[in-house]
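These are the structures, in structure tokens.
What follows is a pair of complexes built around chain A, which joins chain B in one and chain C in the other.
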Partner chain A sequence: MKRIVSILLVVVLGYFVYTSLYVDGFDMAVSDNRQTSISDAYITKSVTSENESVTYMESTDLENGSANIVTAIVTDYRSFDTLGEVTVLFLASIGVSMVLAGFTKKYQFKMKTNRILKTGARLVVGLALVLGVYMFTHGHLSPGGGFPGGSIIGASILMMYLSEENFRARMASFKWMESLAGTVYVLIGIIGLFVATYFLENFLPTGTVGALVSAGIIPIVYILIGLKVGSEVSGIIDQFLTEEVAS
Partner chain B sequence: MSQPILLIAIPLGLAFLSIILKKIKVPLLVLGLLFSSMLVFFIEKKSYIIGGFKPPFGINLVVDDYNLYFIIIVNVLFLVLVLANLSAVKPMATVLLVASAGLNGLLLTGDLFNLFVFIEIASIAAFILLTMDKQFLKVFHYIIIGTLASSLYLLGIVILYAQYGTLNMADMSGLIDGGSITPTIAYLLIFAGLAVEVKLLPFNGWVKGVLETASAFTGPLIGSLYAGVMLVVFGRVFGGVLNLSGTMVTSLTIIGVITLLAGEFMAFQSKHLRQVWLNSSIAQSGLAVILFLQGLHHVAVLVIVANIISKFVLYLVSGKIAAVIGHDKIADLKGIFMNKKALGIAFTITSLSLIGLPLFFGFFVKINILIALFQSSNMWIPALVLIAALIESAYVIRLLVTMWQVGEEGEKPETIEKPTFSLKVGFVTCAISIILGLMLLVSGVYPDLVINQSVKAGNVLSVNDEIQVFTMEGGLE
Partner chain C sequence: MIQIAGLILILIGLYGLITKRNIIKMIIALNVLEIGLNLFIVSVGYVQDGIAPILTEVNNSSGLIFVDPLPQALVLTAIVIGMGTTALSLAFARKIYATHQTFDLNEMGVEE
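Here is the complex of A and B:
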């Protein structure tokens, strides 16, 4: 009975959300629709400057040099939100390590690993690490970025934990990486405040759209996020795969 | 450089740093909070752009008459609270820095999605801090309901964004006023999302479990500072951005009224000290929500200020009593203040101010609530608010009598047994309670300054020329 009621509630809620979004003329709620004008400004990179269009590998010195529009919004136009989301993951990782504090011995799975699994895992882990690093260093050019790149690094660490019985990652170095990446992210923001005018302002030259070294602070920020997410996810995995030492 | 962004960036940066500098994380915490509580006095009122893109394209922080004084109160009290519990906070230093950044972000942000990010940061920090009380299952309930609430809020923002194409609060407010469609479902989702943190009635199941066992540290933090900040956010969103009207206002006001009455009734029936205050907090939140929904923003601001300060003292003292005596059952605390009179007097001033006795700040809060309500709405809301105030006075006075009086009424002094326990509470707790109690007393004698500020604050949300307030000098102006 409970289930039927909850399904009904979800359906009713869904109906209301759908009608409020997709009835005829919902986008006529206001005479000048901000959604188009704001999105257009993000796409043509003309928030602070008049700019007709952006051409790959040709346009230079735009207000935002990222070829990937999602990255442009996430790490430049709304970079402050991203700093907040990074903090959310940071808190989650602290919370896990506080609740599971004292769990030091690695958890032993019932199933034993074998040579084929170990060798295969080592091959894949190397490739996955490279893919993760590639993803967050090219976040301003291709799909992906710091969060998926960092998660791939975390996944490869998980693979090592699952395939090798005695593998333990060096958590101390992950802590250093996590802490430094976060601090430098905030520092970049504060440098923007003092060197330029605003917190988290892109104070480096943005270069040519599409070049590897371009977009000012965006690739730096994404590399920091990638390292931070990678070390936090690895830390959480390490906590979950350990158990209390029986005394 | 008095940039309000530093109130968020510096604690956040120090929090990240404190992971590797484990040995000095408490000094880092104190340093960060000290910096924030000094910086707040130098901030100017204007809109601050972040990232170099003007709103609505980028995110901005707003400092105006509405939030400036709350920023000062919250930062200073946060520092005071941490200093008073310095030995207890060591394992939580990093989380506390993030919590401070989160609360400042909630007060400052001028962007609806950015507000969601800070709701997440502040509430996750609260979940972790509450594990200090070792009530893991109850914190887990709070985690589930809190996360669900922030998702509902997010869903509401998604719908508003789809309809209006902006996330900036000021921009959204202008568009909603000029728009033709009322996004009812979005309003309801946002209301439900915020109602969990604001502790309105169907959504406040988590409060009892969490605050019933709160210590002298988590009690003031969650029961006073977090509660106050969330009410300020509620006022900003429902008073300043969303433009409610008609049936919507009536039905949401009814939720507020039910919360107020139920909260006071439950407080009346509570047998434990902290239970009384948590139910009274629920009632006060209901009251502030009623006032915001009725458009009486200036009195809502007064309610929030009075509630932050009085609940801070009450939770602090109650938490200490529970820690020293081992429980907080009111019937077993007879005459507890007899050998700690200074603390007792501060506690008494605070609770008398809560019920609105003349001479105390609470009196001006109560009388301005009633004046504003009688002038603006039909009679049933002020009548119910008056009933709630009567219930409140009854249980607070009953409680004070118990805590001061040894023995039964009419009993001869010789036959009375002296209380066997002694209330050993540190000097710091006493000093904080006395200073805050005196502040309530002084602002009760000279209320004009605070009331004028609250009128200015209310005007930020709604320009209303005909506000009538009751002050000491002018009477009804």
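Here is the complex of A and C:
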């Protein structure tokens, strides 16, 4: 009975959403009026200044020099939003370690690891760490960035935890790295407030679009975000793979 | 089409949240809902024949047709926050299991 009522409720809700979105001749899938909307200003980098077009490896000294436009939005135009986002992630990691406060002993799996798994994991972990660092240093040029790069670092730590029975990462240094990255992010914002006009303004020269050293503070901010996310994810993983000390 | 799939995923997630009483299943339903929502938001920014909004050596000019980058940036935020909430709720689930030896809300009984 409960299931039937729930199915009815969900179907009615879906019907209302569907009709309000699609039936009145308003199909959002063909929104090809993007060229006249605000998002085109992000692509031609003319949000605060007048700019006709951007060419890869030719345009210099734009308001924002990132070749990856999503990165440009995440770490420059909406950087304050991203600061809030890493704060939410920080709160989540703090919450996990507070809820699981009594869990300190490392969790022992029923299945023992073997030599092939250990050797393979040791081989892959280094490569995964390098891939993570590559991802967040090239966040302004290629797909990826601080968040996926940090998650890859967390995944390599998880691999070590699963393959080595007695492995514990030194969580104190991760906490230091996390706090340092967050503080430097806020400090960069405050420097923007004093050197330029507003909080988190891109006050460095932006360089050529597509060069590795370009885009002003965007690579710096994304490296900080990558370190912060990586240490937070590693902290969460460490907290989850522990159990309560049997007293 | 992707939007319809996103809507269906949202509705499946809602159904799971309403009917299931197991905490792990509720977290899974929440994640399904979230994936559907992210899919929907990304698909809103789709432009016909658009390419990914990254300037490269091949796609080297802003005059090309890119898909809308703004929903993608918003969904990037949403994915990260979803990961944080999932981690926190899984931590609560572990704590509840350590206290009550069950994941089922009906079997927990009342607080003494």
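Going forward, the second predicted complex is superposed on the first by the 211 of 247 C-alpha atoms of A that agree within 3 Å, B and C clash if a C-alpha of one lies under 4 Å from a C-alpha of the other, contacts with A are read in each partner's own complex, and residues count from 1 in each chain.
By our rule, a residue touches a chain if its C-beta (ideal position, glycine included) is under 8 Å from a C-beta of that chain, and two chains touch if they have at least 3 such contacts.
Please read these numbers as outputs of a predicted model, since none were measured by experiment.
Q: Just checking: does A:Gly210 make contact with chain B only, chain C only, both, or neither of them? Give me first, second, both or neither.
A: second
Q: On the A-aligned overlay, A:Leu117 touches which partner chain: chain B = first, chain C = second, or both, or neither?
A: A:Leu117 sits against neither chain B nor chain C.
Q: Can A:Tyr198 be said to touch chain B (first), chain C (second), both, or neither?
A: Touch status of A:Tyr198: first partner only.
Q: After lining up the shared chain so the two structures overlap, which partner does A:Pro143 touch, if you call chain B first and chain C second: first, second, both or neither?
A: Only chain C is touched by A:Pro143; chain B is not.
Q: In the overlaid three-chain picture, which partner chain does A:Glu244 touch, first (chain B) or second (chain C), both, or neither?
A: second
Q: Given the touch rule stated above, what does A:Ile69 touch, chain B (first), chain C (second), both, or neither?
A: second
Q: Report for A:Ser179: first if it touches chain B alone, second if chain C alone, otherwise both or neither.
A: first
Q: Please indicate which partner A:Val88 is in contact with in the superposed arrangement: first for chain B, second for chain C, both, or neither.
A: both
Q: Between chain B and chain C, whom does A:Ala169 touch in the aligned arrangement: first, second, both, or neither?
A: neither
Q: Residue overlap on chain A between the chain B contact set and the chain C contact set?
A: Dual-contact residues (chain A): 17, 21, 28-31, 34, 37-39, 42, 78, 81, 85, 88, 91-92, 95, 99.
Q: Using the touch definition from the top, list the residues of chain C that touch chain A in their complex.
A: 1-3, 7-8, 11, 14-15, 18-19, 43-48, 50, 52-57, 59-63, 66-70, 72-73, 76-77, 79-81, 83-85, 87-88, 90-92, 94-95, 98
Q: Report the residues of chain B in contact with chain A in the complex, numbered from low to high.
A: Listed in rising order, the residues of chain B that touch chain A are 1, 3, 5-6, 9, 12-13, 15-20, 49-54, 56-59, 91, 94-95, 98, 101, 105, 113-114, 117-118, 120-121, 124-125, 127-128, 131, 136, 155, 159, 161-166, 171, 175, 178-181, 183-186.
Q: Quick one: which bits of chain A touch chain B in the complex? Just the residue numbers, please.
A: Checking each residue of chain A against chain B gives 16-17, 20-21, 26-31, 33-39, 41-42, 47-48, 63, 76-81, 83-85, 87-88, 90-92, 94-95, 98-99, 175-176, 178-183, 185-187, 189-190, 192-194, 196-202.
Q: Residue numbers of chain A touching chain C in their complex, please.
A: It is residues 2-3, 6-7, 9-11, 13-14, 17-18, 21, 28-32, 34, 37-39, 42-45, 53-57, 67-70, 72-74, 78, 81-82, 85, 88-89, 91-93, 95-96, 99-100, 103, 142-143, 147, 151, 209-210, 229, 236, 239-240, 244 of chain A that touch chain C.
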